[in-house]
């Protein structure tokens, strides 16, 4: 009864208001685009300098000059606009995006986000635009499995991985439940195949 | 034997290197454009967002959307580019203009410039882009009469009028002489109908 | 969120509150959103702070708003002009407050407001009366003055064309302050000469993406 | 000063000194000035600091420059990629220095370098390891970290078309870092697919005015 990544993406898409300007992070968040209603008027931003980004380009239509933040060839929708990196990140940092959807290693109960570095001393640090998105978008939605492969919770009292942003996450979409992070509390919005009590136990967190 | 404003403008024009990017301040400095050789490749900047500005527009060709910093209708030359105010002043502040030519109330021997405010308590302060140009251009040329109408020198030991910029003037073109301001000294380059000794006496300044 | 294509300038300025900070585009008359200002005069908001390059020309537009006593304070680079007599009179009689800001600092402070920059160090104005008493800092051997962002409750701008997503293009030097002001206000209203179909503007030439624009009216 | 239209990429990178800071445009391969980088490899300058979004892909371009041991330090936002094995190996064996910078901070620091801004306060990265030990400041209730400008001795960028004044237009998302890097280096070299007559570009659509460009080569 837990959700797969497509079902999670559909839940996120459902919560994106019509006409919103949205950035979908690299990886699973890009799946959200498949679930946006064609008439929603949602406009996608890609941090490498474009608004009104369309779906991935079919192989034979790939244009090396038209890629998304994950360096995947994409397409252009009517009403598109291109801009340079300083303008693109001014848009992000200045709070003009309505929503961004990001993956995460960990989210804390106060909305801290860890999604850029495992803390492994051997790992090569690489942050990209994650920190700019985390602090910039009006609403930050995280999409992740609730537990890591080793069974440890990813919604935690305090992140143990290096932070991407402090107190920036508003909602968390997982395979087992969706949450609202208010800063003061974590509120369970929906659960999938698990009770709130069970969830609270497994996470060892007070939930509302 | 002293120079009129057209002759001063011609002297300034002579000293502008071929291919230079130049901003001509409001008022007399705009006359410099008339003396630039057509093949000089000098490109004019106007702070309200344009490069490759052409001459003033004849009355019947005036376009209200195409004006210079003095709000006079102008024309566009081939190779023109338009940009917004933040970009235009980034260009100035960032040191990308080779030369700007400004009028002045006073210039000090160390290159301080006063050209925006007479200090009259009744005057309404208005600075426009003068301070940005003063500190931004690689070379700042001032074009002015050497003495005010009341006979007081305008090249002075220290400005008594409110400053536009500190130590920013490189050359001064006047009706009686042209000067280089090195910061340590004022060097007379040419005189017009007056000897260097006479000049030094009238200005009460050591000159080289 | 989505732009609203308005039928009238009145719709485009509806809801402006007393005491608002209003960013007004234009340099002289180029890019001046004259019809939006006229609509704001009709609309009635008062106690305004106006941020603009100039402080009104002649009897119309910004000058008319000032003449009605609706502006508490002007932040601008160049209030004094040949035909700025309405402002001049208000200022001399102490009925309006003035903050003079170097033109490039004005533009950059508005940009900072739109770009989420908390403050920045500028070399402009250092050692002049406009930097007096202000925080300065030596960086790499040069002195800078600390400048703070400017944001507006409302921006009124003039552009050339809009598509139905609110993407804007400008015309020649009428571009001036519009693009930065559009990034820095809670409510951005643009008057344009024409609203075209989405897809009719060259995506490489869009200057203000629709994300920044809330209301558009063709005048 | 005037742009030089070069016949070869070699001419466009002539004179780059050992120890230079080189800004390299591109995001992934889009906008990457591959031929200019190859020419720089031929040219021979070493001990370079490279400022770029990534740290090379595969065996060509930036990766090839790194492979030759010519780069002392990389300043970038995202070195780690599926095919960044040349950088990865240099980094793990301690043969290259890395400064990781959030992508927007990287772009804004370069913009500041080109715009004469001495430093600026950014909210990005506050409370994270990338801001550790750095100067912070509370402004209007929010914490910001102080960021300093980045400038280059050289910028190598990829654009779409140039006219003979060096005015540049870009193509789609290949625009990325080119326009800001062009403002922030002492010597700016652009590779383009075509040099067109002056007057052939739409003045409203020029992204990088020729004032910023020193050398252009069609590749």
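Chains: A, B, C and D, in written order; residue numbering restarts at 1 for each.
The rule is short, and it goes like this: a residue touches a chain if its C-beta (ideal position, glycine included) is under 8 Å from a C-beta of that chain, and two chains touch if they have at least 3 such contacts.
In this text the structure is predicted, and so the values were computed from the model without any measurement.
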item: Any chain that touches chain C and chain A; value: D
item: Pair joined by more contacting C-beta pairs (A-D or B-D); value: A-D
item: Where chain A and chain D are represented by their mean Cα positions, the distance between them in whole Å; value: 28
item: Distance from chain B to chain A - Cα centre to Cα centre, in angstrom; value: 53
item: Chain C-chain D separation of Cα centroids, rounded to whole Å; value: 32
item: Rounded Å distance, chain B centre to chain D centre (Cα mean); value: 34
item: In chain A, residues with contacts to at least two other chains; value: 76, 82-83, 90, 92-93, 136
item: Per-residue multi-chain contacts in chain C, two or more chains; value: 108, 111, 115-117, 122-123, 170-172, 203-204, 207
item: Touching pairs among all chains present in the structure; value: A-C, A-D, B-C, B-D, C-D
item: Chain C residues within the chain B interface of the complex; value: 27-31, 53, 77-81, 87-88, 91-92, 98, 100-108, 110-111, 122-130, 170-180, 207
item: Touching residues (chain side chain C, partner chain D) in the complex; value: 108, 112, 115-123, 137, 139-140, 142, 144, 148, 169-172, 202-205, 207
item: Contact footprint of chain D on chain A as seen in their complex; value: 46-50, 63-68, 71, 76, 82-86, 88-90, 92-93, 112, 117, 122-132, 135-136, 162-166
item: Of chain C, residues touching chain A in the complex; value: 1-2, 111, 113-117, 163-165, 167, 183-184, 198-199, 201, 203-204, 206, 209-212
item: Residues of chain A that touch chain C when the two form their complex; value: 17-21, 41, 43, 45, 51-52, 76, 78-83, 90-98, 136
